Every structure is written in structure tokens, then in C-alpha cells.
Amino acid sequence: MEVLGLFRNIETAAEGVNNLLGENIPEDTVTSLSSVPIPKGTVIKRDHSAWFQWVTLAGGVIGAAAGFLLAAGTAMLYPLYTGDKPIISMFPVGIITYEFAMLFAIIGTIAGMLFQMRLPCFSKKAYDPEITTGMIGISVICDTEQERDKISGILDRSGAVRIRTDEEVK
Amino acid sequence: MSKSKSNYKWGMVIDLDRCTGCSACVVACQAENNVPVVGEERSAEGRMLHWLRIERYWDGEYPHVRARFIPVLCQQCDNAPCEPVCPVYASYQTPEGLNGQVYNRCVGTRYCANNCPWSVRVFNFHEPEWPKPLNDQLNPDVTVRSKGVMEKCTFCIQRINRGKMKAKEEGRLVRDDEIQPACAQTCPPGAIIFGNMADKGSFVFRLSRSSRRFRLLEDLGTEPVVIYLKGGGREGA
Amino acid sequence: MPEEEGLKQKNIQEMNEKMLSSIRPPTGKWVFLAVVLGAITGWAAYAWWVQLSTGLVVAGINRPVMWGFYIINFVFWVGLSHSGTMVSGILRLSKANWRRPILRAAEAMTVFAISVAAMFPLIHIGRTWKAYYLIPLPNSMGLWPNFRSPLLWDLTAINTYILGSSLFLFLGMLPDLAVVRDRSVGIKKKIYTVLAMGWRGTDREWSLYGKASTIMAALIVPVAVSVHSIVSWDFAMTLVPGWHSTIFAPYFVSGAMFSGVAAVITLMVILRKAFHLEHHLREEHFDNMGKLLLVISLVWSYLYFAEVLTIWYGHKPIEWEVFIFTADRYSFLLGLMVLGNAFITIPALCFRRVRRSVTVMLFISILVNVCMFTERFLIIVPPLSHRNVPFMWGNYSPSWVELSITAGALAGFALMYTMFAKFFPIVSLTDVREGLEMKKKLKIGRSTVNARIEGE
Amino acid sequence: MKHKRIIIISALFFAAASGLLFIYSFEAIFYFTVPVVERSPEQPIAFSHKKHAGKYSINCLYCHRYANISKVAGVPDMELCVSCHRFIARKKPGIKKLIGYWERKEPVPWIKVHDLPDFTYFPHNTHLRAGVYCDSCHGDVTTMDRIERVSRISMRWCLDCHRERDVSIDCLQCHF
Amino acid sequence: MNRREFLQLTGAAAAGGALSSCTINPEKLIPLLVPPEDGSIPGVADYYASICRQCPAGCGIIVRVSEGRANKIEGNPLHPVNKGKLCARGQAALQALYHPDRIRQPLKRTGVRGSGEFSPVSWEEGLSLLAEKLKGMKTAGARKGMIFFTPELQGTILQLVKAFTEHFNGMHVPYESLSLESHRKASVDVYGRYELPDYDIGSAQYIISFGADFLETFVSPVRYGDAYGRMRRARPTVRGLFTYAGPRMSMTAASADSWLPVKTGKEGILAAGMAGVILDEELYDGPALNIYGLNVSELKAAMADYPLKRVAEETGLTERDIFSASRDFARLRPSIAIAGDTVAHQTNGIDSIKAVHLLNLLTGNFGKQGGVRFSPKDLKQTASSYSKLLDTIDDMSGGSVRVALFHGVDPVYALPKTSGFEKALGKVPFIASFSSFQCDTTRQADLILPDHTDLESWGEVIPSIGGDIGVVGTVQPVVRPVHNTLAFPDALLSLVKTEGGKVPGISAYGDYPAVLKEHIRQASGHKPGADFERVWTKTLQRGGIFKEDSKPVKSINRSGKFIFTVPRKAVFSGDEKQFPFHLHIYPSAIMFDGRSAHLPWLQETPDPMTTAVWGTWLEINPKTAGSLGITHGDLVEVESPAGSIRVPVVIYPAIRSEVMAMPLGQGHRNFGRYAAGRGVNPLDLLETVVDKENRLPALGATRVRIKRISKKGGLITAGHPDGSYRGELLEI
């Protein structure tokens, strides 16, 4: 269950968050929705440590391996001499390795990022198009009906323009 | 198939003191290897397909002018610049030290042609034509190249293979001057000599040791196996 | 106070409106443009078909000039593709805020330019229908491509670059897609919903997104450099006098960025006019781009000078012969190149007034790209026509087929671009608005944030 | 955190998978490149190798007389067929057909089953001499009523054989 | 079921791999009906020995035949003339066999003469048509009613043609466009031999050639080419030296150690001058002179008013060059002086040739190894006679000729326009040609009875030189006739037969192959029978009878005494004022006299000196060109008293400034798709007879003037014009 309160600006949104915390709603159930990145901590004080750079690294390593295999391995499969170049010649293999490493690193980054964002997800969540016109949304995850009503109450009191829950979206 | 394993290392010596520039070799090559005639228009565009050409250089001024003839064909370099640049191994080094050119593999990037300092590689810019019944004269032992394919002198590989097969049947190595490419075979003054450089007793090897020896564009360090012998003039003795 | 809040929100809506103006339903003008471009591309396609069916004899190439306009185009377009990575990659890393409005335009340009470039090897080779020999696939011949060949390096590098830059473009577009999603209805909405992947803009998403953008920028720049270095090695690896030079890689990279940045400037002018972005593409943007162009122009000139100096001083007969031949037969082109790339551009760009005048910048940027095309011609054709064996010297002039395909490439690129602008936000509005948001000092509830923008 | 490690590992797997996929996903293509010509087409005359080579055990070289002396094995000329069948089994419909062709002075338009790819030089005699007998490529024809292709005649197939017998796999052996 | 059908059946096997990429629909497998009756194996090549007939040299060839198709001509190592070597023209003969524009069956003219409108007829029809035309000849006593034009023939074919013309009391006119008539005349006067002298270049130490292009076209280029190679490099210690004297540096001259650019028509004087030097320096071979019946004092007297100084002035050379050349010639023995076409084709040709031969006598090189040699018995070869030919032209235009037959010659092309041959031919009521191609003459014919090409026919060739070995080369068919053609001799025989006539000593044997076989039997001196059959097969396999009795004649037995005189001044057509330049016409190294111009291989083979392909050109000295404002490839108009032509210019650094050279060979109006209407024929500039008293052809005796027309000469050269001067870039 999710409750979403729309606020006109960051100040009021922060206000709302304060009130929520005041009513001791655990902070890690609260999150903010916005159409531009909000400076860290202005609304939600929670740092999301990213780990997907490790996927980038892994991608790079695997890419390098793949590139090396391709350049060196295939040359071994049917060894044909060309000019004075050895069958496995350092520079070409290096270049291919490099290119593949970069390719897989890039793929890894995007993949890892989406993975950590838990995107793509098309399951209906509490949302309001107005967010993309500058409104700030405060969404709270909760389990029970009364909690929900309580939270929406708080948000309403702290000046939310509109309250939405994922039920009504459904 | 390492570079050295084979008993053969085909090589050629061209004695410029004997060469008269008569162009018999040019036609012989064309006849043996199904080299198409491209016609007047294409010739004008510089798209002639001769694998072997006689280069004529003027030096000096009348009356002390000289004309020099140099038969230029694929130099079959040991460190051939044309080979490594081919993305599909269509051009590669055979165990017997030839620059192989595999027509069915060639995709026609023309990279090899750019990287051949002798410009001996020719490209089929269009489908070759033999108005009937002229096609009856084609040599069945040699592929007819289609459009978009690079080609060049092969030292008459079909003859080399035939000779090797024969030798193999008789359980021996190929004898000296048993194999003759079309150009060497026909050359009236005997300026072109072909043979096995790996055989230290062969005529071609002995000639290649001559004091008159030089190689075209030797300073590029591509190690051509076509060796020229200086000639012409009293100084050439 | 609520009313001013409302006011602000209206502004944002208008801003979205304006910046997404490109995706309004197509006007007659736009359709006409698209049709014209399509026609030109079609003609080029026909020309290519002619070449495929009759062979490369319809092109101007011959012995000894085995490479011609196709390769020139290839190098040129790869060069253009460096715009995006340059502007967004490097400027993103250096946190230059004026980059924001032109970001998307540049990145899109990268993707399309490199795709166009990738076409040319296919058009160039003699047996296009056998091109799959170049791809490393297990096959019935048990044969693999030769990775010792620079062309294979090219293949991999460009493959990497296409994938990388497309992903880069997509990443940058993700939030904007969400915006578009929220503004559109019906089938369109469905499509954009899928593209936006359910982006909501939670603080979590934003923080990860920021990090990813930085990493991507850091990754794409070295790729870009490697791509054009490898393109230069296609030439530098050969024994062709005038090609076989160590300076080629940096020389080509600088040239690529030169033409890339110039192209971005041209594009800025066009977009500015087409979508009325005068507010967002202001003089300081042109000023900054001008400075950038000036720097690169200086680098290019320096490298060119070094290149020529070596040839002149070393005076290796054949290399000198090539240079003399160029200066003699192509004196006009050579002059044009040197003037356009150095002697006009550099002094002109030193003047603030020049850099800030849109029309002059347009002129200069176009001039630079013309000259860069010339430069590629002069790099490729003369050395080939006067190679080591004088008996086999020759000449080259493009045929109608090569010219039409060149025109077709340009048209095709423009077509793809207009299409893109029609369906996707051509201005990265999130970045722009982020910029605006951070303009002010923020004194907020539980903490104070110093919103001074780095870079400007 | 525990699930984080799991995610990392799975991500690694993903990257690895995509890597290998990129290289080896096309192995399948190799199987599609087998020429899609029919393996055992209907011949104009139902000639049975089973009968000739099998039942009457006629030597291959009796009909394919050039196999050991030339690069081509040689399709038996019609005179050869007729020379026997002028007397043998005249009544059979197939033979009637054959005689018909012969009298019309037409050759029988046999359909090629073993079609060597273009631009490839395959000398029969050399292979015979090397002890590669007919059946190693053409299969055991003594059991075939209608001849059929048993081996994929592709370059890789040639190479495998050449490799295992350690004969040259130099390109110019077969392509020139 | 004969071989011809068999050929049709062996599918495209010979096409060496179809061009198309592999097809999905199954290919057909077409069997032979019967095995090839000559026991040839599909996929295995057969080799047949024969003789090349592209020029009179008569080299031995071996033809490779696979699947019944000839696909390569190689030299015959057994043949003493060319020892396994072959020239470009010999190689290209193959394309004459399979030429797309060959005449494929007998043709009868339907349109007006020269319109080229013919309709096919059967052989019976064709032969009977000719027979009936000839019937008249026999009865009507009018001599010369029929004229038979052929090249210089020998052996059985000659007998046949002679007998044939006798039978229809016509006249046989042999004709070679590059006739060696004046050489024969000179050699009769000097050596008392009618046959051409053979030069043992291979073992000579010093050679001086007076315009003799013996490496490209002169008499037997392949034989001499081989000899040249040996002369240069075959001997461990000696490297033979070679000097060339002539106004233009020919391909042969390019191989010379030194080139003496002597003025046009002054070669004889140069030779005389050298003789003078040798006499003064007493470097001559005294005893030899006595044997040859020459007297030093007389010779000196003859040379009296030609001191070295004057010679130098006249020839335009320096005294030093002449002197050193003479001294080398006399000292470096054995040495040879050769006179060639450039000399012969001047109005003072015969004198000049004699002067050159005098040099050989002075140094005693007659009959020596490395000298001038003759075969044991004087081969009585029928040589063409120019004046005789000119007479026949008069007869034809006179109207007394009623039938003209042509075989293997193309006078309409190969005679100067001014000779009026074509017009005269127009007066002849009936013209028949046995040619395989629509050459300019055949075009005029009323009836064409196409002969086999050389590779399809029987015959024999006795080489014009290399006669010191009794050589009879046998020509045998290497493939079945490609088209519906009939062997020329058989055609003649059948014509005689239809007349019920007998050809003495020939028609007894039935068809021509039998005749040939009999002749070979006689030549080999065997009794008919089994053992001869073996000899016969062997002969065919070897490609002829080569008797190795190499006993060169040492003594000269001429009827009269050889009186030496310094050559007269050469006369030229055209006044020096109006026509300032000499026109130097030479047989092209590739096209020869034009008989090979229809072969595409040769058309595309770059000319060795100019690297020009697919056309003709005019060679001009760079200085002259500069002064006339002409550059490489310009189109110019060349004008002579006899006519004018337009031709592109090649700047040629190795030619005298007052001389302009043009090759023979192009400018056919017909002659197949590759030759027709290509280039121009320099003969159009010549007067028929310049040398009034001898009435000999004189290619070099014309003066011209030129005018620049435009930039577009349409010249194609394989070599880059500027690059050709930049050899130093190759560091050689």
C-alpha cells in the first residue's frame, strides 16, 4: 500500500516529511518524487549507496576476456600467416581486448543501473503526472488501512495539494 | 603450417640484361591465367587487369637517352604488406612462401592493393566478358574471377601444384626447372628464371647470388623473392 | 505564497511546452522537408543498386587509387560523430553548465553520424553480399576474420561506439521520456510508457541516475578517442607514402573533434531557429562553443604543421613527391583547407563579437566542415595516386554514383535527425530545468543548501 | 547485506552470458549453411547402385573410369550403359527408357547429388591414391537404391578430414 | 556421334567454375554419348605439336588441349628455330581460333560490294559457284585471267597453288607486306645466295644493327631473341656488345649498349664510313678478303671521296662515335653487322644493305660461328615481288582479270591507298576469298570460302631462316573445326577435281593430309610402310623433321664480282621545304604488319616503347613537339604529298628531331570488332613507288608536315606519362 502527497514546492514537501517523522513514521518508508534531481537531503535524508559500478567493472573484465578470446583464440583455430605478423600478435589483440572491455563495461553500467533502480517496472504505483510540471511528491509505504488514513491525514494537514494512493490508480 | 616447414620456397630471378621488353610474358600470363581483356574504355580508366607488366622508364635526354624495361609482377614478399591488412585472410602467406590470394574469400576491400607498393594487385571492377566462343579458350585449371574480387600473379600456382603432385606420385622432390610459370616458359631471351630457392643447388638460387642482384623497393624491407639482375650498358657486365 | 507558486508552475509548463515543441504533430513544412530528404536518400539508394549490379566500375576508383569518396565519407562521418561525446561527455565531466540545452542534440548527432559512417564500408567493398565474412561467426568454412587487420579493429571499435553512444543517448533521455509520457495520450502514451520504463523520479532513482551518467561519460570519451585513432590507423598501418606516419592518430582525433564541434554549432543555430529556443541557446553558449572550436582549431593546425614539417625536412623522395603533387594538382583544395581550418578560423574566433554573432558562427562552422571534408580528400587521394612505382601513377575523380551516395548520406542523416526530433525531446529539458532550479540559493526547512552551480 | 551479494553475482552472470552470447550465439548458423539441395533427388532413370555395385558387385572404376587418372571421376558415357543393356534386361521399363535416349542420341539428364562448391579444386585421382576411397565421401552406395548424399560437402567437412590425416590445409591446395 | 558433338556435350566444364554464387536448384550432370575417340581423358590436358603461322618465321609450338578445347600455346622445345620460346603474337594465335567474329560458313555477297551484306551458302553451292566462274578461265586462253594472291608459301601448299593456277592458267602472286625482297637481292649480289642470311648472334661478341629490329619483327624475332639472351649472358667470361644505328630508338635499340641516331636514309653511308675506318686502320681480315674475292685497294678507291669527316656530317654523328664503333666492330670478333627494314625501305636500300654486308666481309665473318651463315643448299623460297604486284594492279584495272582469289593476304589494307588496288579490284568481275575473317579485302569479295585457322588445319612450314638445319615443320589440327569451314588446300583440290582435272603428283593421293604425309615421307627419305607410319606419328609428335646437319657454307660462289659503291643519296617523296619532317613507319612489335590486329590480347598489350594500347600514335621528339606547341596526347594532322591522317601524339625522347615515327598495324576498316575502325593506317600517307628504277616498297621514303588539331587525341597509355621519367624514385 502506498500513499502519495503532492506538494507545490520543496519547502512544503520538507514540511510534510518533518510532520511524518514527527508522527514517527520510519524514514526508510518515505521517499520523494520529483521531475528534477533534488539536492541531497533537502527532502529525504537517506543516502542510497550505489553498487552497480561493480557490474561495470565485471562487464569490463568479462569484455576483456571475450575480446582476448576472440582475437587470439580464433587466430589459433586456423593459423594462417600474414606478412611477418605472428599468429597471436600483441597489438591487435590488445586493441580488440580494449574495445570489447569498453563495450561490455558500458552495457554493464546501464544494465546494472536499471537493475539497481528496479526498472523497468510497469506495475501500477502511486503517481501523478503533475510531478513532471514541477510538483514534489512524498510517497509513504504502509501496510494497514488505518496507517494509510493516518498518513494521508498528516500529509493533508501539512499542505499537500492532493493525496493519492495506489488503490485509486488500480 | 609454419612458415618454414616446406621443402619448397619458390623464387624468381629476372635478368634485366637479357630482358628485351618484347611483352611475350605479358600475353603468356594473360593466356594461362584467364586474365580478361577489359577493352578500350576501361583501359583508359586505368582498369587493365594484367598480372605482369613491362615498365618502361626513360632516363637522360636525346641523344644520350636510355629506355629501361622492368618486368613487374607480384613480388611474393616474405613480409608482404598486402597480407596482414586483409580482414578475411583472402591474402595470406603459403608455407611455400607465396602470397596466396583466395578469390572466393575476397570481399573486395581493396586494402591489399593500396598497401602493395608495386601496385601489382588488380581488381575486377566489373564482370569479365568473353564473347562466345572466346570463352572456350579459358584454362580449366584456373578460376575465372567474378566482379568485386582482387587478383594478382600466383607464380602459376596451378602449374606448381601439378608439378608437386607429379613429383609426389614418383616419390621425389620437384626437379629444377620442372615447373615453369607461363612467363618464364615463353620468355625468348630467357630473362625470367623460376625455381626452388630452398634448393641450394638450383639454377635460380645460384643466379640469385649474383653480384648484379637487386630488388625493387628493397628498402621497404618486405623481402621480395623476385630478384632482379642489373643490366644494360657496358657497366652492366 | 500560493499564487506565485502557481505562477512558477505555469512557467515550468510553458517551458516544457516550448522545449517539447518539436514533438507537436507534423506541419506541412516538416512533411515537405521529410519528403525531399527521403527523395534524395532514395536516389542514393538507386545509385548504390546500380553499383551493386554492374560492379564498382561505375565509381571513379581505379588502379592505383583504390579508395575514393566512400572512404572519405566514412572518415568524415566518423569525425562528425565525435560531437556528442565531446560536448556531453567532456563537458559533463567538467560540469560546464552551458552545455545543458545542446546536450541531446549533440548526443543524437553522434548516434546518427556513426550509423551513417558504418554504411560506407558496406558500400565501398567489392562484394557487399559477402560482407558477413567480416563478422566473427562460426561458419561452414571453419574460417574466422583476421583480427590483425585494421579493418577488423574498425569493425569492433565502431560496433562498440554505436552501441555505447545509443545507450548514452537513451540514458540521458530517460527522465524526459517520463515527462513526455505524462503529457501524451492514447497509443503514444503506451509507447512512451514502455520507453520510460516506469520512471517516477524517486530520490533513489535520481541519485543512481546521477552516478550512472558520470560513469557513462567517463567510459564513452576513451571509446570515442580509440575509434578515430583506429580509423587513422587504417591509413597509418600501410606503407603508402604520406600515410605511414605516427602522428596520424592524434591528428585524426583532433580533426574529428574539430568537425564534430563545428557540426554541433551548425546544429545549434538550426535548432534555435526551428524550435525558437532563443531563451535557452543564448549568445554565451555560442561564445563558449566558439572558444572550444578555437582551441581545437589550434591543436589541429599545430599537428598539421608538425606533419608537413617532418615530410619537408626529411625530404624522403617519394613522400616529397606526394606532397609536391598535392600542392600542384590540388593547390586550390589545399589552400581552401589551410585557410578554412586555420588562417580564417583562428583569428576570427579570437574576437568575442564574432563568437557571439550567430550568423558568423554558422558560416564558420559550415566552412570548417567543408574544409574537413577537403582535408580527408587530400589525405586519401593524392598519396594513392602517386605511390612508390611511378609507372603506375594515376588520377582520381568521383563519378555520379559516388557523388549521389555522398549527397544521400547527408540527406539520410538529416532525415533521421528530423524524425528523431519529431518523436523525442530534442532539448534535454530535465538538464535545463535542473540548471534553473540550482540557479538560486536555497534556504530550506531542516538544512540549507548552497545551490551555486559549478562550472559557470 | 545478503541480497546485495546475490544481486552482484547474478549481474556478473548476466554480463558473462551476454559476452558468450555475442560470440557463440551464431553457432546455429553453421547448420543452416548446409546446402538445402535435396539429399536424394528423383533421377530420370531409376538406376540402382545397390544392384550394380552391390548385387553384381561391379567395380566403381568400371563405369567411373577416370576416377583414378583424372581430377574428375567421369559419368559413364551412354555407350557403356548400352553396351551391356543391349542384351541384358531389355524388357525392364528403365532400360527401355535408356535405349530410347540412346536411339534419340540424347544424353540422360542425370541430376547432380554431390555438388562440389564453386571455385574448388578436388582431384579424385589424388584422393584415391592417398587411400581415401569412394565410400568415404559418397557413402556405401552398394546399399543405396537411389543414390543419396551422406556427407555435408562443406569446407569445414573437408578440413576436418585433412586435419585428421595431417595433410596440408593450405588454402591454395584447393582454391586457385 | 563425332567429336564435334562430343565437344558440345561436355558442358561448361572448361569454363573453370561458374561465376554465379552457388545455386539452390540442383545442377544437371550430362554424360557423353560415346567416349572421346582419341582416348583423351576429361580433366587431363593433351599436348599437340604444330607450327605458328602468325609471321613467316615459322616457330614450333605446342598447344595444350583440354576437354577438346585448345587453351594455351607454348613454344616447342624440340624446334630448332625457337627452342621452346614464343612471342606475344604466337601466344595470341589462340584467339584467332575462337574469335567471335570469325566467318563461320561459306558466304555469298547479296548487297553491293563492300557493303558487308552476305548470306550463308552450303559448301557445295559455294564451291560450284567458284568452279563455274573458273570454267571459263581454262578454255579461254587469256593468260592472267585469274590471279591468286597468297602470302609467301612453301612446300606442298606452294605446289598446290602453283598447280591450281596452272590448271586454270591464272597467275600466282605471292605477297608479304614487309617483303624482304631487297635483302634477297642484296644477298644475291654479295653472297650469291637467294635465301636470307642467318646471323649467329648467340655466339657473336659484337653486333651492330642498322635499323634491324631483330628482337621484335625482323625475320625471326624469337630465334634472335633467344640468341640475344645467350649473346649477353650465356658465356661465363664474355658479354656480347650491341650497337644500334637508326633514326629512331626501336625496342631492339633500347636493349643496345649504344645508339647511333643516324639520319634517315644515311645508314648505308654510315656502314661505308665504318668500312673506310676499318680499311684505313687496317683492321680487316686480309686472307678472308682474298677468299671472298675482294681487293683492298679497290675498296679504298671506292671510299676515296668519303673521308670520316664527310661521313660524320652526312650521318649527323660525331667522328668519335663512328670511329670507336668501327674499331670495336673490327676488334671484337666474331662480330656481325645486320641490315634491317629501316635500311631496306629506303630508295637506296639495296646499296645500303650491300654496304652493311661489306662490313661482315671485311672482318671475315662469313660462314663462321658467330657470323653470317647460310644453309648447305640454297633454299629456293618463293619471295614476293613488289613490281609484279604493281603490274597485276594495272592488269586488274585494265579489265583483263576476271577472277581474283585471295588467301591469307589483305592487299586492300596492306598497300598504300595511292596504289589504287581497291579501285582496280572493283574492276574485277568476280572476287573470292578464303579468309577466316572479314578483312578489308574479303569485305570486297563476292564469295567467301572460309579456311580453317592454323590450329584446325594440316600443313607444313619451312622457316625462312634457321635454314642451316633442314627443317620442315608440320602443322596438324589440334581441335576439331569450330565452325563450318573447309581446309584451303582441300578446297583447291576439290575445285580441280570438279574440273575433272589432275594435279600432277598430287591429286593422286586424294585429300590434302595424304599429300602432306607423302611429302613428309619423301623429305624423311623413308619407304612407305609400317616403319614410316611410326616415323609419321613421331614427326607429328615432334612437330616436324629437324635434320641436324649443321655444316655452314664457308665459300662464296657468286656469278659476278661484288663491286662495292657508296650508297646513292636516298630520294624522298615530298619537298623538304613544304614537308620538313621524315615519316618513319615501322612494324609494331605487337601488331606486326597488322595481320594480328584483330586479337584482343594484342590490342590490350601495351606497346613496349610507348606503352600505348588500343590505337595508333605518332612519335615526336620532345624538342620538336615543344617548338610546335604540342603535348602528350594531342591530336595532330599529319600531311604528306599522298594524303593526310589524324593521330594522337606520343612525346618520344629517343627519336631524331626531324623524324616522326608511326607504327603499322592499326587502321583496319573491318577485320572484326576489336580491330575495325581503330586507329589509322600510316600507309595512307605513302606514294606507291618512290624508288622508280627498282620499284621496291619504301616505307621510310616520305616527308610530312604536321598541324595541331586539339587536346583530345584519345591516346591510352598503360604507363603514366610523367611517371615514366621518374625511374630514379625506384632507386635502380
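To keep things simple, chains are lettered A, B, C, D and E as they appear, and every chain counts its residues starting from 1.
Here is the rule we use: a contact is a pair of C-beta atoms (placed from the backbone, for glycine too) under 8 Å apart; a residue touches a chain by one contact, two chains touch by 3 or more.
Since the model is a prediction, treat every value here as computed from it, not as a measurement.
If you take chain B and chain E together, the chains in touch with both are C, D. Of all chains shown, B has the CA centroid lying nearest to the centroid of every protein CA atom. With every chain reduced to the mean of its CA atoms, the largest distance from chain E is reached by A. Centroid to centroid, with C-alpha atoms defining each point, chain D and chain E lie 54 Å apart. In terms of their C-alpha centroids, the spacing between chain A and chain C amounts to 29 Å.
In whole angstrom, the spacing between the mean C-alpha positions of chain A and chain B is 64. If you average the CA atoms of chain B and of chain C, the two centres end up 44 Å from each other. Looking at chain D, residues 23, 118-120, 159, 169, 171 sit in touch with two or more other chains. Residue positions of chain A touching 2 or more other chains: 52, 70, 78, 80, 82, 85, 107, 116. Among all residues of chain E, those that touch two or more other chains are 13, 17, 21, 43, 719, 724-728, 730.
Chain C makes touch with chain E in their complex at residues 129, 317-318, 321, 388-394.
The part of chain B that touches chain C in the complex is made up of residues 42, 45-48, 53, 55-57, 72, 81, 84-89, 105-111, 113-115, 117-119, 122-127, 147-150, 216-217, 220, 222.
Taken together, the chain E residues at the contact with chain C in this complex read 21, 719-720, 722-730. Contact residues of chain C toward chain D in the complex are 136-143. Residues of chain E that touch chain D in their complex: 1, 9, 13, 17-18, 20-22, 24-35, 41-44.
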